[in-house]
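Letters A, B and C mark the chains in the order given here, with residues in each chain numbered from 1 onward.
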């Protein structure tokens, strides 16, 4: 039940052999232009350039909304203490996949998930698993900043409070301060912790939401296009923040913007029409994509 | 890689895991209780609906059948001594003929029709049973003699003939046979004398008294002297008049003011005031509208008491806000692009509203109107203040005549002294009222789905 | 016959004027000039110009005619008849009218009656001809005038649209007039009442004992509002105690937990409760709930009256459930989904999300909804009329009969069209009190709800 090494699951063996093949491929075709593009139906995988741990793994995940299938057999390993970005045109299933990871899809009526997502080897869709605990381990930041209509302090204290993480007021104060500091918001709000969180600017609100997620000390943070409602300056601040957070958390970010994916992430997965088309180190995906659709998307032919 | 802050984060995560796990049991229990409370509330609310309908129906259904005595009635010339009806002679004025006819009918009415009824009951009674006058008359309803008289007036050739007639049993007989009164009560607390009870039981055993469908609930007006014959016809027509007035006045005025406020009115203090005013009017207690009706329509304008015209006007004013608010929200739901498209091709503001916006909202306006009318149909309190709870034994010919209304009739009946009989009859009246309201609402839903599909 | 002629006249005028205007417009258009308005609008404008004067004349006759005719008949009556009382005078006039109509009267006719009848008949025919002729004449004049105004530049459409808007505005003023009517009539009658009873005695009196109007003004009686106000508050309070938990939990379950299918069934079924006429609830309380409560009371050894504040409040609570649940449901659904997701995403259970995020966010709106429900409970009449026991005594035991403001309005005014005594005028003072209480509640509630809606729009 405790931490398990990625190589122990049988499902991984298939993908690791694929990774070997890919490694071979990358080595064989060094010049970018000569890269032969495939159009095959299965996911193209490029190996990671540095050794990483994989505690979060998805295998053959399919999602159905009623009769409609939204995600087809997605398998993905998410590296520890790194940023993985999910890119693709709108409606491609990247947000759906993201929401599977902390089972937020449970809140949508008629949504069904098959396949397996493991966190430390535990299947998160196992009926015996407690979704409350899962979500305390896997935090989420949403597309639009959604601070609660409470004070800044209460917003951050919300998670620790419901989970009973602080045993005393001072402990809570410490958690709030540490979380706000880590979210880079402390200096801006330390004198008005009692004011409403909804009174902050958009970028500040989003950092408040990040602080709120951090306050629970999650292991994984999911971010669903966290900058789509923000102006470029606020976006830059958030991107810097994500880069800092990477040292402590496993982060998965859904983004519309390739530049953002390139700036913040180490690994990138490209989704199209509910399928995971290609995944690999961000540099590889951005510079030498090996699937035709990925290249079309990167070069702006589909979007 | 293993920086100090990173290890502290790991420590925090481990502590979080322990504490979260510790809190889970209690939190899931609270969740379960909370959810259970919600479900209980829904079950209670749904149970109330079911219970209410169940009680009304189980109390009201028996009232739809009534004890009826089939008897042979002889139009005995010894009793009916009024002579032949007058014939209009040439040269006689309409007024004179009417006067003569009235005189004859008056004469007929004064005859001893009870004797006819009495004879008929006695003839039906089992052989050997002594039936005295009071016993016989208590068995059947007071309306029977009027019915026999009306039969004769309509057809004077019945004189001397014997016909089979269904006589309505009295309310007390009905109670006795249905068991709505406790059969073990001592004589002094029974509504019927021992002899009548015995007669009723004997006739019921003979099959002479049967339970037949109580048409009179639908065909008769209210009746005090013959409770068994009391019906809803007068109240129904009174309600019908009021609903017609509401439809004719409230729907166009309501739709027009909604159109004005939503489409034309400039945004200023005055229209703001109108809006606040309408929202507030929708929440004014209905009884206040009754006071308005009593003071303004009856006292100031001198309209008659107890008349459907006043009731209709009061209900119109009450329904107006409902229709306005619903129509406005329907208009608001029409996308701006439709208006802009129409204006863009050169239609005037009026044309845009009347040719493009209004047709789209028509189903919603219709639905709102029907629901408003249904609501007005069940309204009681204001009617009491304008005298519509008066006893009226005639079907109103015009909206200016004295009349009652369905809910007011229910109010009257529930207060009747013959509790045993009228509890069922009131429930029956409630069933009729509810059936009408459900029909109206079902119509609204039907029309909405039907029309919205077409648009 | 006369109405047929009037209808025919109006129809002919309508057809004539519209076609004249339409053809006039068309003829102009045919010459190749660009018209400002389409011929249709010229037609409508001419029709309005033609019909309006005609209708005014006919309306004036409908209003004034009967009075004039009556005066005419009066002039024919012999002096001794004229001096009779109003009833006999009316009877005499009706006889003359019956003779004039040709229907005739029963019995012998006096010579003056015959003469008056014949004269009235002639007068009627004459007056009718004059009215019809003048209506037609004025209509034609209007038509000719409007016909001559037709020109390419005439903004016929604007005039027509202006008239339509005026009509619409008039309709929307009806609601304002209603409020005005309520306020003025209630004030008017209440002030009359306060000439009998001092406002202080009314608003702060603790005894309600209005004698009967038949005993004359010598015994005016006591009109203390407080017992009624207390009864109203008690019944409404019990109703809210029933309706708020059930309604709120229903709303919470339906908006947050229920599947789409359960919601689609339960919501309309519960709303049926709001559509049931209050008289039905009253009857239900009277024949079912009241006796049941009193049986329960006797089992438990506490005396509960069959008609009491408890009975009425309980049943009223059932009635109010859908108001609370529908309004709260709407309000809870207006709280953005993102807040809910935010809380669930942090690992909160649904009930924690509801209690700590959704309810606080929706609180102002829910308070507004509850105030509207209170206002509804205070103004409710039929349930309390039937089930509260009508006992205007200051009592604090909910198991005993009470009376409320609305019940007393009904009792004091029912069947009374002549309200000159304080016994019936007090109904208006009570009505005014009720109106003011609900007005304040409604205004506050509507303001809160409106502010709440704007917050999340």
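Just so it is clear, a contact is a pair of C-beta atoms (placed from the backbone, for glycine too) under 8 Å apart; a residue touches a chain by one contact, two chains touch by 3 or more.
According to UniProt, the chain labels map to these proteins: A = Phosphate transport system ATP-binding protein; B = Phosphate transport system permease protein PstA; C = Phosphate transport system permease protein.
These figures come from a predicted structure and were not determined experimentally.
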item: Per Cα centroids, the chain farthest from subunit C; value: A
item: Chain pair whose interface holds the most contacting C-beta pairs; value: B-C
item: Centroid spacing, where centroids are CA-atom means, of subunit B and subunit C in whole angstrom; value: 19
item: Centroid spacing, where centroids are CA-atom means, of subunit A and subunit C in whole angstrom; value: 60
item: Inter-chain centre distance, subunit A versus subunit B - centres from mean C-alpha coordinates, in Å; value: 63
item: Shared-contact residues (touching 2 or more other chains) in subunit C; value: 347, 349, 352
item: Multi-chain contact sites of subunit B, meaning residues that touch two or more partners; value: 20, 27-28
item: Overlap residues in subunit A, where contacts from two or more other chains coincide; value: 132-133, 136, 162-163, 216
item: Of all residues in subunit A, those that touch subunit B in their complex; value: 130, 132-133, 136-137, 162-165, 216-219, 247-249
item: Residue ranges of subunit C touching subunit A (in the complex, touch as defined); value: 259-260, 336, 338-349, 352, 356-357, 360-361
item: In the complex, subunit A residues that touch subunit C; value: 102, 104, 107, 109-110, 132-136, 139-140, 142, 144, 146-150, 158-159, 162-163, 209, 212-213, 216
item: Interfacial residue positions of subunit B with respect to subunit C in the complex; value: 20, 27-28, 30-31, 34-35, 37-42, 44-46, 48-49, 52, 55-56, 59, 93-96, 98-99, 252-254, 256-261, 264-265, 273-274, 276-281, 283-292, 294-296, 298-300, 305, 317, 320-321, 324, 348-350, 374-375, 377-381, 384-385, 387, 389-390, 407, 410-411, 414, 423, 426-427, 430, 433-434, 437, 441
item: Complex contact set, residues of subunit B against subunit A; value: 3, 5-6, 9, 12-13, 15-17, 19-24, 27-28
